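Per-chain numbering from 1; labels A, B, C, D, E, F and G assigned in written order.
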Amino acid sequence: MEENSRPLDALNAARNKTVLIDLKNGLQYLGKLKAFDIHINVVLDEAEEQKDGETKRKLGTVFIRGDAITTISPA
Amino acid sequence: MEENSRPLDALNAARNKTVLIDLKNGLQYLGKLKAFDIHINVVLDEAEEQKDGETKRKLGTVFIRGDAITTISPA
Amino acid sequence: MEENSRPLDALNAARNKTVLIDLKNGLQYLGKLKAFDIHINVVLDEAEEQKDGETKRKLGTVFIRGDAITTISPA
Amino acid sequence: MEENSRPLDALNAARNKTVLIDLKNGLQYLGKLKAFDIHINVVLDEAEEQKDGETKRKLGTVFIRGDAITTISPA
Amino acid sequence: MEENSRPLDALNAARNKTVLIDLKNGLQYLGKLKAFDIHINVVLDEAEEQKDGETKRKLGTVFIRGDAITTISPA
Amino acid sequence: MEENSRPLDALNAARNKTVLIDLKNGLQYLGKLKAFDIHINVVLDEAEEQKDGETKRKLGTVFIRGDAITTISPA
Amino acid sequence: MEENSRPLDALNAARNKTVLIDLKNGLQYLGKLKAFDIHINVVLDEAEEQKDGETKRKLGTVFIRGDAITTISPA
């Protein structure tokens, strides 16, 4: 990443890669990053919901509303 | 979904299909996705409210305010 | 409702009909939908406030601020 | 109220009348509605603060910030 | 106050007078109203912080961020 | 401060002076006010974090996001 | 930092340096500041998540949504 990069460049670099998304409610979503927008609304494919490191649900595709998110990191 | 798709494309693809919507207050709404807008305000048909996997109410049509939503996934 | 309908169309179809509105604070308002706007500010007539399915107050007309609302459904 | 009325019309009709305002923090304000704006910022005259139906404070005039409000109804 | 007054007119009338400001976190600030803006950001002079009616701190001047405020009333 | 001053004038007058900033999460930051903007994002120098009046961390420079702040007062 | 500097200048000065970011949910992120924008969305490299001073996770790159952040300080 070069010096004056913007935060969304990092999301763009993660497209089609597996990311782990943490939500304000303590849930986590693991999946392949397919889409995002400036509100940080996100779509994951092959997603699963986790709590305390354990898989709770297999979701396939999931749309996550941006304002529910705290962090997004490569898994 | 192609590489530069936007999050709302995923919602558009789910139109008239059954989705499960999770809210910040822990409730879930299962129903057929009839409408949504850029605020992620959503309308479901043949909807039911669930808590901890159990059906609480049959609702028919339900309007869900976008800022109450965390995730939307195909059911 | 046709395929490309918008969420506010569903509210428009509910005008002058009885709806049940759920708030983020757990209260519910049952009444006839008289008015709404793009913020989902709502006015009900012949309204009553409910908690856990029990009527708490008869309110006549009530203005509900949009950002307090989670869902609106026909009663 | 006619069919296509807007929510703020209901507030306008309540000007100079006694209203009860519920806040997100559980407090209630009873008083004469003197002013409001599109943010639902409100000014009451001859106001009192109530909790669980009991008067806590006599306030005279009170300015209430709109985003603290859940409902406004005629008293 | 005349019929079509706006909420900020009430704040303007309270300039240089002592007001009591209630915050969402339950704290209260008593002081002379020196300045406010459309976000309801406020500056008090000769201010003190109170909790449950007891003075906690003497603050001199205090800037209060608007979105932390629920009510402002003359003291 | 003159009669029609604005809230940010008070912050401007506090530039390079020591201020105490209270956050919504109950933490306090004491330091020299170096910068602020219309969102009330703030930068302090020679800052320390306090909880219940006790110093928790020496921070040097700290950027504080405006929407986390409740009050700013001269120390 | 000169007298009329803006808060984002402080973030700019911290680019490529190690910072500690505190979130509203009590978690902390330590890492090299690679990018930020006006919403205070941030990207850290070589990041780790901490709770109560203990490392919980090594994250590599992490995107942090601005509205989840309370403070950013050099580590």
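Rule of thumb we're sticking to: contacts are C-beta pairs under 8 Å (C-beta built on N, C-alpha and C of every residue); 3 or more make two chains touch, one makes a residue touch a chain.
What you see is a predicted model; the values in this text were computed from it and never measured.
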item	value
Where chain B and chain E overlap in contact partners, by chain label	none
Centroid spacing, where centroids are CA-atom means, of chain D and chain E in whole angstrom	18
Centroid spacing, where centroids are CA-atom means, of chain A and chain C in whole angstrom	33
Between chain F and chain B, distance of the C-alpha-averaged centres to the nearest whole Å	41
Chain G: positions in contact with at least two other chains	24, 67
Traversal of the chain ring from chain A via chain G	A, G, F, E, D, C, B
Residue numbers on chain G that touch chain F, as the complex places them	1, 3, 5-11, 24, 26, 40, 66-67, 69-74
Touching residues on chain G, where the partner in the complex is chain A	15-16, 23-25, 27, 29, 34-37, 41-43, 45, 47, 49, 59-65, 67-68
